[in-house]
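Read through the structures below before going on.
The two complexes that follow have chain A in common; it is paired with chain B in the first and with chain C in the second.
This part shows the complex of A and B:
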């Protein structure tokens, strides 16, 4: 039998809402486990966007993570206290 | 493709297609465009497609102003159903040396005398135009709101479709292998799909122009030089103008789609036909550009590629009839700014071949100027 080491339970925020997760998970995995499948909106028609390639290739799971846009949440591990937000359309660069 | 034409144009880029269109408009419709691959497959499809009027010499400025007027209505002008994507966000030319800043003042004087509405801005003014720019090391900048960029593919197709409507033929994937001359006159073009008779041949092959002209024993001082360019992922609108530095050899612009296109001209680039992309360029370009525009650091690069500049000794185009083969014309040597002046250059050439008068003397652009030592030096080129 495989043994999954999930680690200690942690918390992060999604659109201001507290979500529980394990540090071995990606942000996308944690959100799916919490029942969130809409991760953002398409740039032109604002249709829902979610997980697609799951290997950091396709740009479908772009989210705003700790204020940075265009983050591929399918390949970024979740960290305690992380601030994850839905990205509506093209990301806004901060300066 | 028939086996005889009045005029055969070699090269399916912006130059070849615009010349074909203007010739056809002037009644010379028995024209063939030969393209070794597909339309825009050479320098046109690889270029930054900037359109600027802030030049440092009168002829370039005049060509650029009159070309911009055409770009502003190119769809209507050519009868094109698509959009050529002109975006007049302006050009912000930043000065990093005192000498450059002094040259800019001279350029402004010249531009104002030609009715170009460019103006100088101080460091605060620069910040107003591009809020996220790092002005460290800058002396000032020049700005012209009428500059911008267009879509090089659509512009070329606009001219090509317009030319076809007048009856011009276009043969893609047809490679020129040689020429037939008789008594010092061009007679025919040999291609891998057969020989085509022609009264006039126009060589619009950019970086390959000297090679092509050498087939009729015409010696042209045009040299190919690789320039590289990259495009990033799209982000929300962050900058209006093209930001450009001659001293640091870069230009950066954001397309209407949101991706950022930037190029860096390596001053040590050797003469060659190499159009492979290099990691050295990627590293150097990213370093140079993010020093001036730090906000772009967070952007991922989607693609990079290279194309050929067709460099002439004085960075001015060469429009020349071969001495050894009457009727063989070369239009090349644009030195990295062919796209933006192509509309007006095409009119100049078509007027000449149709026997019409033009406000610009075409002979100024012949290679005679090198023999006489009367170069048309352009100080402002990336």
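This part shows the complex of A and C:
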């Protein structure tokens, strides 16, 4: 059927926890592989949010990546040492 | 500010074919694609394609996608910015792009919008929980990343996409609780429907979802039978345990950039929503802006590729490239499009295009 060329295993952190992944994967895919489906919370009612469209369109997968909020993790590949956190609320810019 | 002859927005089958055909006539092209990998919806499709040989029928979508990506990457006239999103098209023709984490300006002479379509959502309590996915997302997880999205899935929608994704889930070892659809008929191709039936996945027509439930993520759904009036019949509810609900209830064209650029738009239900009005060479009512693929009417990869070719040739010709050859290439593409839309399956597209023509006046 399908062969996956995944490359070397790498590690990144999710809410402070170390997670293994492959550099060919998006952050969303790597988290799913690790059994994580809750990516954040809705700003007002704090309802859990997960992946929906996987094409960078719907905003459901916003997370905080290396300190930056509102990152669409369905179209961003994981990198070694990346720091990924659940996003609560709208996120703030710290520039 | 970066200047370029032709800017192609979106690197799906339409955008890639547009870039390749324009570049082959000598034009310099920049493709901007928001995903890390170009290819659009095609790169997740592992099933064999329909259409004629010229549109690679019999090949699997994933291979066609990879081939187009390679052709574009190897073309010296084409530059690709991936993981970059076009944000806006301004009145003076300046396009802004989020590229390498910067707000970047591009000034193209011609623009081809090939942004594709996005999956429709469905209103029901619990639809915002983790575990409710668009069908394309499930395909991406499974076929691009090789990650199993769930153990047991409820599929909503029995069009081609619902049927194909349900079958692929089954092949990947995921249990499909049922494929449900509100109307009394299955509207996907028969080959796909019979594969599902052979795989012993129940297709429940005249059923809809009432709500999803779960503690922080999907643990099940309640579906119900609907009457002739499409309203739920009390007492006919079924509780389905599942850890994912997959929505395959159609796509809507991603037309924000067309609206913003001031293209004349029309609501045409057969083309799946508001679409830009285009002429025979796929130019919108804003001179120099062309559209190709699902953005101007949700259809199929085969027609998206031919439309891309037509828009690419037309944009290149308007810049003075390919004089002599271009007009023949336009005619050829227009003929292929007519052939693809021939026959009963093309009925609604033909109806939609007739409305489009009416709107041009």
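Points worth noting:
The definition used in the following text is that the second predicted complex is superposed on the first by the 93 of 95 C-alpha atoms of A that agree within 3 Å, B and C clash if a C-alpha of one lies under 4 Å from a C-alpha of the other, contacts with A are read in each partner's own complex, and residues count from 1 in each chain.
Please note the rule applied: a residue touches a chain if its C-beta (ideal position, glycine included) is under 8 Å from a C-beta of that chain, and two chains touch if they have at least 3 such contacts.
Here the structure is a predicted model, which means the values were calculated and not measured.
By the document's definition of touching, of the two partners only chain C reaches A:53; chain B does not. Once the two complexes are overlaid on the shared chain, A:32 sits against chain C while remaining clear of chain B.
Between chain B and chain C, C contacts the larger number of chain A residues. When the two structures are aligned on the shared chain, A:69 is found in touch with chain B, with no touch to chain C.
Overlaid on A, the two complexes show chain B and chain C touching no common residue of chain A.
Of all residues in chain C, those touching chain A in their complex are 34-36, 41, 46, 62, 83, 85, 116, 118-119, 121, 128-134, 136-137, 140-141, 143-147, 149, 171, 216-217, 254. By the touch criterion given at the top, residues 131-132, 233-236, 238, 258, 294-296, 298-300 of chain B touch chain A in their complex.
Contact residues on chain A toward chain B in their complex (touch as defined above): 43, 59, 68-70, 89-95. Note for the complex: chain A touches chain C at residues 1-2, 4, 6, 24-26, 28-29, 32-33, 37-39, 42, 47-58, 74-77.
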